[in-house]
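Paired with chain B in one complex and with chain C in the other, chain A is shared by the two complexes that follow.
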Partner chain A sequence: MARIIVVTSGKGGVGKTTTSASISTGLAKRGYKTVVVDFDVGLRNLDLIMNCERRVVYDFVNVIQGDATLNQALIRDKRVNTLYILPTSQTREKEALTPEGVEKVIKELSETFDYVICDSPAGIEHGALMALYHADEAIITTNPEVSSVRDSDRILGILQSKSWRAESGLEPVKEHLLLTRYNPDRVERGEMLSVADVEEILAIPLLGVIPESQVVLNASNQGLPVILEEDSDAGQAYDDAVARLLGEEREQRFLTSQKKGFFSRIFKGG
Partner chain B sequence: MSNTATSGAQQVFQLKSASVSMTALELHYFDNDDFENALKDKISQAPGFFRDIPLIISLEKYEGLDSELDFFKIIGTCRRNNIHVIGVRGGNNDQRRLARGAALALIPGNGQRDRDHEAAPEKTELPEEPVARAAPEASPARIISQPVRSGQQVFAPEGDLIILAPVQAGAEVLAAGNIHVYGPLRGRALAGIHGDSAARVFCQSLEAELVSVAGHYKISEDLQDNGWKSAVQIQLRDDLLVVSPLDKA
Partner chain C sequence: MRFLDYFKGKKTASSATVAKERLQIIVAHERGQRDQPDYLPKMQQEILEVIRKYVQISDDMVQVDVDRNDNCSVLELNVTLPERGDTPS
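So, the complex of A and B:
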């Protein structure tokens, strides 16, 4: 049985899709058979970040509606051969993800994969609920600012009450905090919440801190999961996060501004 | 003519919102003699309390026939005993029509309100820890050991509410009795919601959006000056909410 992990946040634009792409790539690189599912119907982005947008024939909604089989819709990644992408539909509504249809697809994926990564849309409506419903674990993607933290808190509450695990009275969804777009300089100047602040407010275990970096944007634009930028801070930070997700102990890095060479390292990756 | 002349003068009235705590009489069946005897018996236990109180008749647990439900008799009996029936809570449509015929106000029932809550997002049932019940008469405290998150509401309708985790901004905790938060209180806490003015709120760090005891409340702005971000208790003294540090209690 696969572990089902939702990448969610409540707030938009915090890095859910970037995180989904990198976490799934990182798991697959370690040999786990991994699929990443785009739940953001109508705002399809995952295929762009995974650089497979030109290979989409059938999508998640086609599979739910019985127009295609799962095998027809799954796209195999060209860089990591244990990684698959299930793209979503750009033309349908979120309601096309029926609870029964989603359950059927997730069940079928669980039979053949080790990890199913669900890339949630922003918000707390139907699409987000569908993405988190089957989760065993949740990666709460949060930016170090007040509104993002508040929305993450909200989505944590929903995970505790509306997920399948909560409804069935099972062991609760395992929660991980992933702090993205972290800028130690701005934290020092008091313009951003610190890791300690966010941890204190949300009170869930820290999976990792991804430094704010030009590399992330450049990688997205090139259709490259940033974890494959192995020399970059952000890529290494995602690699650490994947290792911790698998139970490895790794010290937190990139929490303080590196005086020398910090900017040169950031821009080198571009 | 005189109307136009008074336009600059004082208004006849102004409408304000008011919330009053009231006693509800939960009616199980109605027989006038039984009713009067039971009422007199109750009054004899606390004559001062019952003198001239407003009362609402709750029909949620009513099991008798609609035809036996004579509101005029109920009102008459209550008046003879100096109790003023002002309205009816709950009940089916026929019962409510009868109540209306007797010029009683109609108040939405608990059941109706609960259903509304269920429709609202996340009326969360956080897993509760088993509570030891040594004395069956004491209202059991509700114990919550997980954080109460933004958008969640936790309610202890009878006794105290004890939370061993943070209450986050945008969350709401309510109790008939006291509220204890062994963590930061960042959301809203309403103690004594049935009017118990002796109820208190205790928290390890006061960062609340709102704190209320028996309907008397203070918002975040008014809480900043006294005990903010420290361990405090909040209680009602002479209709005023008083915040005092826990270490000097």
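So, the complex of A and C:
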């Protein structure tokens, strides 16, 4: 039986797809058979972040409607061979993801995979509800910013009432806070909510903190999950998050500003 | 100006502190509403209409809350009546 993990946030643009790509790649790199599923019907983008946009033939909706088998729609990643991508459809019919269809696909994926990562669309409507419904765990992607934190709290409420686990009275969805685009310099200057502030408000366990980094944009430009940028701070922070997701103890890094010394400023050009 | 503030020892709340305080208030409020039964807003409206048959009151003068304890829920109804001769529009 697979673990089903939804990457969600409520608010858009906080880094759900970036996180889905990196978490799934990290799990697959450790040898777990992993599939990452794009639930953002109409606005397909996971394929672009995973660099397989030109290999999409069939999609999630084709599988639901019986026009293709799951194996025809799954795309195997070229870098990590235990990683698969299920792209979403670009149809404008948002209801294309029927609850029955989603259930059938998730069940079938659960039989062969160790991890199913569901990349949720923004918002709290149909697509987002479908993405979180079957989840065993949820990664709440949050920016240290008021609207993102408030939306994360809304999504937590929905997970606690509208998920399959909640409706069936099972053990609740395991919640993880992932703080992204964290800027320690601004936190130190009192211009940005700190990790402790967000943890206190949302009151869920911290999975990791991803520092705001130029590497993230550079990686997405190239269709590279940022976790594969192993020398970068953001890549390492995602790797730590994956380790913690698997139960390893890892100390938090990148929480303080990396002040550049006099020499490195001169030799690296600041 | 921040440079001068430093020497004056002037303490202005940082924007992050303001953000945290605002979030704590709104999140607590929204969580309270989330746990309330779905029928509450409609019931509040109907109670308001009944009271209006007798006294002129405005929407914010009725407050309905549900307090849930271990094995019972308490419906709390708070109505502020206008002072005599003082009828709100």
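Please note the rule applied: the second predicted complex is superposed on the first by the 259 of 270 C-alpha atoms of A that agree within 3 Å, B and C clash if a C-alpha of one lies under 4 Å from a C-alpha of the other, contacts with A are read in each partner's own complex, and residues count from 1 in each chain.
Heads up, the rule we're going with is that contacts are C-beta pairs under 8 Å (C-beta built on N, C-alpha and C of every residue); 3 or more make two chains touch, one makes a residue touch a chain.
Just so it is clear, the structure is predicted and the values come from calculations on it, not from any experiment.
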Three-chain arrangement built on chain A, chain B and chain C clash or fit: clash
First (chain B), second (chain C), both or neither touched by A:162: first
Partner chain(s) touched by A:201 [first = chain B, second = chain C, both, neither]: both
Comparing the two partners chain B and chain C, which touches a greater set of residues in chain A: C
Chain B versus chain C as contact partner of A:187, first or second or both or neither: second
Partner chain in contact with A:92 - chain B first, chain C second, else both or neither: neither
First, second, both or neither for A:154, with chain B first and chain C second: both
Clash-bearing segment of chain B relative to chain C, given 27-35, 63-71, 171-179 or 225-233: 171-179
Touching both chain B and chain C, residues of chain A: 150, 153-154, 157, 161, 201
Partner chain A, residues of chain B touching it in the complex: 121-122, 124-127, 146-152, 165-166, 168-171, 186
Partner chain A, residues of chain C touching it in the complex: 14-17, 19-20, 22-24, 26-27, 30-31, 34
Residues of chain A touching chain B in the complex: 124, 150-151, 153-154, 156-158, 160-162, 169, 201, 203
Contact footprint of chain C on chain A as seen in their complex: 145-146, 149-150, 153-154, 157, 161, 187, 189-194, 197, 200-201
